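A single structure is presented below for examination.
As written, the chains take the letters A, B, C, D, E and F, and residue 1 is the first residue of each chain.
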Amino acid sequence: MRPSGRDVREMRPVSIETDVTRHAEGSCLIRCGDTHVLCTASIDERVPPWMKNSGLGWVTAEYGMLPRATHSRMQREAKKGQSGRTQEIQRLIGRSLRAAVDRSALGERQITVDCDVIQADGGTRCASITGGWVALRLAVNKLMKAGMISSDPLTDHVAAVSCGIYAGQPVLDLDYPEDSEAGVDGNFVMTGGRRLIEVQMSAEGATYSRDQMNTLLDLADAGVGTLVGAQKAALG
Amino acid sequence: MRPSGRDVREMRPVSIETDVTRHAEGSCLIRCGDTHVLCTASIDERVPPWMKNSGLGWVTAEYGMLPRATHSRMQREAKKGQSGRTQEIQRLIGRSLRAAVDRSALGERQITVDCDVIQADGGTRCASITGGWVALRLAVNKLMKAGMISSDPLTDHVAAVSCGIYAGQPVLDLDYPEDSEAGVDGNFVMTGGRRLIEVQMSAEGATYSRDQMNTLLDLADAGVGTLVGAQKAALG
Amino acid sequence: MRPSGRDVREMRPVSIETDVTRHAEGSCLIRCGDTHVLCTASIDERVPPWMKNSGLGWVTAEYGMLPRATHSRMQREAKKGQSGRTQEIQRLIGRSLRAAVDRSALGERQITVDCDVIQADGGTRCASITGGWVALRLAVNKLMKAGMISSDPLTDHVAAVSCGIYAGQPVLDLDYPEDSEAGVDGNFVMTGGRRLIEVQMSAEGATYSRDQMNTLLDLADAGVGTLVGAQKAALG
Amino acid sequence: MRPSGRDVREMRPVSIETDVTRHAEGSCLIRCGDTHVLCTASIDERVPPWMKNSGLGWVTAEYGMLPRATHSRMQREAKKGQSGRTQEIQRLIGRSLRAAVDRSALGERQITVDCDVIQADGGTRCASITGGWVALRLAVNKLMKAGMISSDPLTDHVAAVSCGIYAGQPVLDLDYPEDSEAGVDGNFVMTGGRRLIEVQMSAEGATYSRDQMNTLLDLADAGVGTLVGAQKAALG
Amino acid sequence: MRPSGRDVREMRPVSIETDVTRHAEGSCLIRCGDTHVLCTASIDERVPPWMKNSGLGWVTAEYGMLPRATHSRMQREAKKGQSGRTQEIQRLIGRSLRAAVDRSALGERQITVDCDVIQADGGTRCASITGGWVALRLAVNKLMKAGMISSDPLTDHVAAVSCGIYAGQPVLDLDYPEDSEAGVDGNFVMTGGRRLIEVQMSAEGATYSRDQMNTLLDLADAGVGTLVGAQKAALG
Amino acid sequence: MRPSGRDVREMRPVSIETDVTRHAEGSCLIRCGDTHVLCTASIDERVPPWMKNSGLGWVTAEYGMLPRATHSRMQREAKKGQSGRTQEIQRLIGRSLRAAVDRSALGERQITVDCDVIQADGGTRCASITGGWVALRLAVNKLMKAGMISSDPLTDHVAAVSCGIYAGQPVLDLDYPEDSEAGVDGNFVMTGGRRLIEVQMSAEGATYSRDQMNTLLDLADAGVGTLVGAQKAALG
């Protein structure tokens, strides 16, 4: 019944390849099926001006898509400016990652996580969060190895998955054909300990009930478990 | 324990004054405590180009804040462009209102709902949705009275309220002092029949559990009931 | 002969309601017939960089229109940037208010007067000046009560009215139907003592003579008298 | 008493050199003392979309300054966008020229008058209007010679001069040192028949009386007479 | 003597992996040492409006860099707009590719070649041209296989390499450490038949002689030979 | 055979008029046939922030065209921002002039050379470089006369000319009708001693051989000789 033939509780294959670029302090290429996102974490020893002398660090994120990451070519945002959708997504990624950061332990420095979609097939914001956390983890590891921070500022894993109601059925990990048809569409960000960080569920044409919401949350819980496993495997 | 002295389940006083501007097809001024939003609905007999000859209508929303709606003056967006936050909010308002619109019954025309915050004290996006629906209702009534549409395209009320965990306690209808301190912050959009349209819950520093999420949903359910009552009273 | 049935020397009813918003140091809602403008004055203890250590203060103004203040909806300036018309108007408001400010008595601080048109029916720039002055007066009063300035920096009232030649006849206080048809259109800014601050008279299709100019100035003089009376009444 | 040693009623030397560029349908270089403006008129056989099939033509103007036209170098507007001042000036030039155009006789075409300040010493907007009219006249002559229009759409000359109160004295044709110190500053646009097109008088620090206004108008009347003479001489 | 230990006539290892993304009609990942560029070719059956009904096709290019492609993170162009450097590079890529396109044989369609730098170590514009041609070749192959065009519009290979004078010595294929120190720096675009398409040689601090220019051209000639070989190998 | 009737080795008449504007530290109007460019050099005693305390000066350039410098009117860049072409040209002018500047002898100050095209007939970037150098020379002379710098920072003349292959023949100094038809088009920047600073040769439709390139370089060498002579004559 799913276009991909997957079971309703079946995720797409996930792979996370680390240290894929030479310059970034942390990096990975995450593949969730045909959605591929390159994530890099860049350390800047300066924080934004309004945060100076606070003793606290900052984690922020930016998101982009290559023009031909999608089925038909999209106009380059460098030419027209960032869309509302892009800004909304990068705010979500940054907020999600910060929810498991001890900013005091990080110290007064900023880490920028860039998530650039090389190929898109639905779920790019969730893949960005899951891969972005791995890049962040690697950059923080580098700071710790260098003795620049003493206690680990990352309090837990952070991962995200989408679920939705497709053709009347709750399904896990929507791909693009499902996402574009789903009546209800949710993104769920959780910690490794499965605490909630962000829930965003939108009706697209059809409203939904509390029961349906709970079913999707159960699916997401299982999906995040799989993703956290993939993060651990990638980090060795 | 709440800065305002309200009980945890107590909403701020709500008032909705209709037909407050002379030109708009529908309008109201909604006051949720000290948050005041002017909502207008404008009918355009043309739809966006990519929707032509679809037989379907469209409802969209825009959001703004007067520069001194807030405690300290903010720079005017006409000078610097719409922020990511503004775009995110107006996308939410439009999506929420459309969830209870039969676009086919509306016919090929567009209604733009403008929500301009005159004074802000937290919860401006929720007040915009609740008031925006009243303006939309009034504009649609005008179309029906004029015989331009025959069956009502609005399938139910739409209203929204925020809830959060403030000082460790789940509370209903956050005002600004609560909102700026809350560890978890959610916006809940529902229909009159209390079906869910959009749930957005963010951890701000602290993560949250499924139980806490359910408690906030219960609070929101009650709050939306009150707001729908206010909508009905205003519409007479 | 006038669309509103008014006599050529008759102004629209004027009302000025003060302290209409909670956050601004000074505020009023001015209504000149169906033209309604919300004016707020915001005090900033810093002046622009190029004015630092001059010992002088600054008064500036910004102007905006809600998208549906007009008969048909206009595009929001936050989306397209401020038009030349908007910039011209806000430069006029600022210049006019400064003409009756002793910048040395104000001291090194800036007051920004925001004029946002809630509903438009012609004469919005004049209403903005007249209402803006009331907001400025209230903000300055607050500074004086707080002992932050000792001598009053406002040297006189400032008010403005439009006049024009409509259907061949000089008329006072143009409303929108008149404004859009007038062959000559002028804005007159004066002090309470009826000294001139700014005169702007434009031919729109028809040129005009010195005599006609003088007739309009006489009308404006009377109109400003009425407006200054309304300012005094509002301030109690 | 004037920095230039001129008498209060004495204008700067005016010269208007025509046909100074090869491509434009009409062009001149106007020199008012050390203020030099290159004016070109470009004919476009299409009008703006909203004017199509109206049978009416349009005259519009644009204004710019070379970066080193002024005492110290200004940032290039191509880099930062047109300032409010630039937009205000070009709106004034266009409005002034249109006041003496029979748009029906012009026929459905647009003439764009570009006024680019090569060197500035005060009064650039007035020089632009006076020189812009000559460029417009030459372009219209070309249309008439080519038989594209049969009756002359230019109903009279248009010229402009500034006057102000400098060091307490009304003076004609302000140069930059005067302009930057003047307590009252006015721009006066008139026809050859000395009908008024636009009057703009601003207090800069000092307010002014009706009598002072009339004195400046008298000065301006004489100045425009001189400028119209220079236009006639240049056109041969 | 070269930082990399390479001989003056030695290029970095080149690899071209084709069909690396799922959606684009043609794509490759070109690696010239540590410079990695993802090139995609997107077919659009419409040409720009000004080319309609000409019977001719168009090839254009766009260029971008991921923010952390470089040693230290650069600001995202989606946030600040395309720099002059970016525009100059993408104009060069498009012009170079078009030099070996028979636009009539291509027919009235447009192919956009996107070159996105994943990792940078000097020579990104040359790698973009060399890889971009492979993506273009693959997209054109697809059109030919589909019978949409009958005769091959690509008249020859196009490839590019940089050469410069580093530490007083002419060297082939500058990497970043060489590029940032070179006194003379040139980019050479040639066809497979080693005809010249574009030569750009700039003095950076030191001027150069005709002899030096010829030495660099000889080096480039050899380098392009190697690159064309790599293109052929990649295309099988 | 050339549209102008010129011999293939014949340049257009060149004239350079110095000190044409009152405010700039150095200025000239260069005329290469019907291409007229106003060049000014402006001294700023501050360097850009990232160059502070380096002891080195900076020379930069900006380029613009009046809207009606061309056959048909172009849109003003102040309205739409600088095009890629404009940015490419001004980067070339600045780079070319800097190649013959001893930045240490200049001392920590910046000179901005503005090149504004008054009338265009091909070769505007070359005329800008040739005229820009004269303006720069005059500004540096002023600094030396004032004793602000002791040893001459200009190490040689800088001049530029275009050559191309028109109707199958190599020709010197392309005018617009030639430039728009040329199959190969090159810009050559050299010093007075005929060392090369920048060579840019582009195929426009037709590729070219090394022999053709050398022929164009020979033509350019002669042309630059003529231009340097004109510079010397103008400087007296």
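FYI, a contact is a pair of C-beta atoms (placed from the backbone, for glycine too) under 8 Å apart; a residue touches a chain by one contact, two chains touch by 3 or more.
Note that the structure is predicted; figures quoted are calculated from it, not measured.
Identification of common neighbours of chain A and chain D yields an empty set.
Counting the residue numbers used at the interface between chain E and chain F, over half appear in both copies, so the two copies meet with largely the same residues. With centres computed as the average of Cα coordinates, no chain lies farther from chain F than B.
Taking each chain's centre as the mean of its CA atoms, E is the chain most distant from chain C. Here the spacing of chain D and chain F, counted between their Cα centres, is 33 Å. Centre-to-centre separation of chain C and chain D, using mean CA positions: 28 Å. A straight line joining the Cα centres of chain D and chain E is 51 Å long. Among the residues of chain A, those in touch with two or more other chains are 82. Contact topology of the protein chains: cyclic, one closed ring where each chain has exactly two touching partners.
Read round the ring from chain D, going to chain F first, the chain order is D, F, E, A, B, C.
On the chain C side of its complex with chain B, the touching residues are 21-24, 27, 34, 38, 40, 42, 44, 62, 64, 66-73, 76-79, 81-82, 86, 112, 114, 116, 118-119, 121.
Looking at the complex, you find that chain D touches chain C at residues 82, 84-85, 87-88, 90-91, 95, 99-100, 191, 195-205, 207-210, 213, 217.
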